[in-house]
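A quick write-up on the structure given underneath.
Every chain is named by a letter (A, B and C) in the order it is written, and numbering of its residues begins at 1.
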């Protein structure tokens, strides 16, 4: 099959949206909130190939444009029960939708995905006004080249992140650090589901090589700077070997597997 | 009262269904999915005495034939709030239904039952199409002769299984190991809510004497074999003293209290 | 501003209702179940100033008279998504309602409030009969004088209470110990979400100075006595330094910050 391709490309798309391009060229979209996302340069019309979509929970800034993208590319979507119902309402074929819960590992588009605990809420409102909730999902994504990525999604800190680190040994984590207060209808939160300190110790507990911050629109903000500084301090004190990463929306991080 | 009866009979009924017959002859049914369960030899019509039913969560393969059995025998049912609503719709008297949550311990049919944490989802669809979710329930079942049984139900692994082991010291656990992929409408999962390895360390954390595997239709399957092997290895390495047990649907395990 | 005021007044109102009066005179009501609460001497008509209401979850004995009080005083209410919908139906302005989840810290009425994990269920029934669930909320309440109060709400025990103790170092905790069996329609529970022993070790794990018991109507009951005794024993054995407190509804505890 030619030269060994070990590079994994990770493009941050603002909020919690990521586009992973595996070494074999498989495109995995996570929480693709694009068209109404004020920060990302990548819109649905710009996507040329999507092989798999992961939706962590039913919030508007996570489910985002999943319906349109899934319909356009006919690709599988791994999600919770509430998101599934909403996506069916929006015209996605139920055959594309893989509903799962914590632990039930699936393979789709050649990629193994293990849903893990997330300490958050997942809820959608359907057309008839009914409100449906389900389990919010973290994900361990197993790429074909052996790279393991942990998508924390929106979650508060919990000690079993240590267990996730021990059992599934992710190399890279997408860690929610701050919260966008760019919507009028939201109350002003003082921090995201994890404070910068909590996000830093979570990264340490997960034993990540790289902790890529997310849930923001600009990396030049105090919470992200603090997260970076805290992990750098832990590194200099030999308390952690996790390298913090913060990308601006559109920026790409390339991971070379050792 | 004659001779001391210390034998507890545990009959596996396929999937997560169990019939416990206590030393005093009390019959406790757990997650009685029988008539549509392709694997069990025991059907609703075969039941002659049921004193108590425990329903861990609202899934079809757990709530099963609870409504019919509860109506037939007039026995109490311990369950979550979603299952309660569904069972009322199916004609069960609300007087029989004991809705509970994690921690709220109840006594019914002479048996004390403590609901404990389960890392899963519980959801039912009612007649009007509405979808209701609740807490999924693990159970610690305290038999009259002092035997304590832990029913894990469908759950992902979590570290507080150690706490459940410490606080409630179950002798026997019903541990979900694999998943039935015998339904066309389900995606093909690579493992159950716990992998065989996770189920083995969960059994160790719970400090069980006997870990009885469940959530399958035939014990002759790779996940179950692996679970058995892993616990046997732990035993030979003195890392655990838990004895793994796998039964075929219909088979009975007799526990003699020491 | 004159003399330093360091006294925090905590008035227990039966069940899980508390009125905190901060050193600066801010009145915070928690789970204000008053008018239908057979045990409290304080009714809605007696309230003269309420600055902030915290609702832990949607149960009738927690959401209580929140709608009436919030409407009367126009104060902010911090709550989960289900309680928010119910309160809007009951006429509370959505502008007063701060919906949050675990981790998302807010400031209202000058008080910082951090919602934390609670191992319980939160569910409400709306006018149209629909049933909505959300995350139940524990709270860390940061008073202006540096005092931190943990409101456990109804929760089962979980090991991350240790993490809550480490990360947020509450001085005082409102700890649910027992359960009121004063309603005909409830099954008879043998203990609350935490047994007295669990509530005692939870208080120790949280490293509280004072553990104020709640979820009862009279302190002269066996569970509360046992809780007090267990913590006193731990203190005499140097296993904990937490001082247990039990108040009768209407009684006040004054905390002087060291």
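In this section, a contact is a pair of C-beta atoms (placed from the backbone, for glycine too) under 8 Å apart; a residue touches a chain by one contact, two chains touch by 3 or more.
Quick caveat, the model's predicted, so the values are computed rather than measured.
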Contact graph of the chains (line, ring, star, complete, other): complete
Turning angle required so that chain B lies on chain C, C-alpha fit (0 to 180°, nearest 5): 120
Whole-Å separation of chain centres (CA-atom averages), chain A against chain C: 34
Of all residues in chain A, the ones touching two or more other chains: 130, 133, 159
Chain A contact footprint on chain C (complex, rising order): 80-81, 85, 98-107, 112, 116-117, 128, 130, 132-135, 159-160, 162-163, 167
Contacting residues of chain B [partner chain A, same complex]: 119-121, 123, 129-131, 133, 154-159, 179, 187-195, 198
